[in-house]
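In what follows, structures are represented as structure tokens.
Shared between the two complexes below is subunit A, which pairs with subunit B and subunit C, respectively.
Up next is the complex of A and B:
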């Protein structure tokens, strides 16, 4: 049952927003990697991962996110997350993802803070 | 295939194919809603069921396309239990707790989070229940 993610990159001032449509599972790996590569080519310094509020995210998807976070950390890119439900906020906190990516309740809140930071 | 065995018990028989764990997940969510689990606990249950099924498909049944995963859900007076049965021989060694720092530094594989999430999200979990049909993981969430 191959899955498909549509990942649109949007530039908001200094922040590159990954608009991730669809569920996030192990099948998301090539889509997220391609988007990340494209963002790097565009010189992204601040990355905001925006999820669908109703997205299904499983451990395979979390593993893919961890790989992306490993890369953003290696490349000194400030990374944050928005759009996730309360349940996945809890899960991300349990796993420790929040140590490496702050979670914002809304896109606006994330952009306001991220664009303000130098 | 979904069977209502009695008013308190539902069985979902899944093909061993990634993606079908969502059938069990959604069935568990619907059943749990009927019996009055609060929404936050239903979300916990959904993730736990999904991860147990994925584990059964990938590790228990080793991805064999002819194998099945049988998910049995039972609503008791005080708790909601789910048993996920695969055709494997059980979990020989439970993985250690994931270390996010090591994962980020690539000193530890990024995967291996499923059993950790199950343990965190349910009130009780028993791995390695061996039956004549295979290996089961049994998870319990308290209703009250």
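Up next is the complex of A and C:
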């Protein structure tokens, strides 16, 4: 069953936060790509992907994240992740997502560090 | 009864559902318990009553690849029990204390053999579900190819 994601963009100082609602699967690709395109139009240099507390991210969702993270790396954008459970932190580390984006425990912690970095 | 809301049993009559209920057993499973592992003999299938069960696959016995989480009452898993060679194609781990209806493969097979109409309905529902899963897998594959192609051209 295709998933439907609501992705809201919030600007916190120099950081663009993607507030991602719902489970993330292969069907999330158009929602994330549209949000990324919009963020680029706004000139985003620092991107924080914020997930729902209970969101489930399956192998297709991981593929979508890798696609977006590869794009942010090509565009020299600083990218981080927050809102994921310990279970997914472990998986992200195992599949190498942490090489592309740092994972923060809280939104506040992520914003504090990302806004500090030049 | 959760069996009546399971996609696999859609379209079955009250009488057929009662036959299924008669061969199902309620079990309780604690968080963290493995229900089965990939490639093990699929001797039973399950319908979720409450709680949550994660289905996953492993790469080189080291990386756990999350496939889906079963958390809606009436969702079923372990359907490899219905199809030869009757080996689980994924592993299942209880993600949150759960109550399940377990149906043994032998009992279900006997029921299907006795009642062709019931068997046809179940296998048609299963085929529809697998087609949806196939579409999702193809979509996932396309994403991987796009990422690969872009990385090769930069």
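The rule is short, and it goes like this: the second predicted complex is superposed on the first by the 118 of 118 C-alpha atoms of A that agree within 3 Å, B and C clash if a C-alpha of one lies under 4 Å from a C-alpha of the other, contacts with A are read in each partner's own complex, and residues count from 1 in each chain.
The rule we apply is simple: a residue touches a chain if its C-beta (ideal position, glycine included) is under 8 Å from a C-beta of that chain, and two chains touch if they have at least 3 such contacts.
Being a predicted model, the structure only gives us computed values, none of them experimental.
**Q** Clash or fit: subunit B against subunit C, after overlaying the two structures on subunit A?
**A** On the superposed model, which is not a single observed complex, subunit B and subunit C clash.
**Q** Contact-wise, after the overlay, does A:29 reach subunit B, subunit C, both or neither (first, second, both, neither)?
**A** second
**Q** In the superposed arrangement, which partner chain does A:97 touch: subunit B (first), subunit C (second), both, or neither?
**A** In the superposition, A:97 contacts subunit B only.
**Q** Where does A:85 make contact in the superposed view: on subunit B (first), on subunit C (second), on both, or on neither?
**A** In the superposition, A:85 contacts subunit B only.
**Q** Going by the contact rule set out at the top, does A:112 touch subunit B (first), subunit C (second), both, or neither?
**A** After superposing on A, A:112 lies clear of both subunit B and subunit C.
**Q** Need the overlap of the two footprints on subunit A, from subunit B and from subunit C, as residue ranges.
**A** Common to the two interfaces on subunit A: residues 1, 25-26, 56, 58-60, 62-64, 66-67, 70, 91, 94-95.
**Q** Would you pull the subunit A residues touching subunit B in the complex into a rising list?
**A** So the residues of subunit A in touch with subunit B come to 1, 3, 25-26, 56, 58-60, 62-64, 66-67, 69-70, 73, 85-87, 91, 94-97, 99-100.
**Q** In the complex formed with subunit A, which residues of subunit C make contact?
**A** Result: residues 57, 62-69, 132, 136-137, 139-140, 143-144, 146-147, 150-151, 154 of subunit C touch subunit A.
**Q** Please output the residues of subunit A touching subunit C within their complex, sorted ascending.
**A** Spelled out, the residues of subunit A in touch with subunit C are 1, 23, 25-27, 29, 56-60, 62-64, 66-67, 70-71, 74, 88, 91, 94-95.
**Q** Hey, which residues of subunit B end up touching subunit A in the complex?
**A** 17-22, 40, 43-44, 47, 50-51, 54, 98, 100-101, 103-106, 109-114, 116-117, 120
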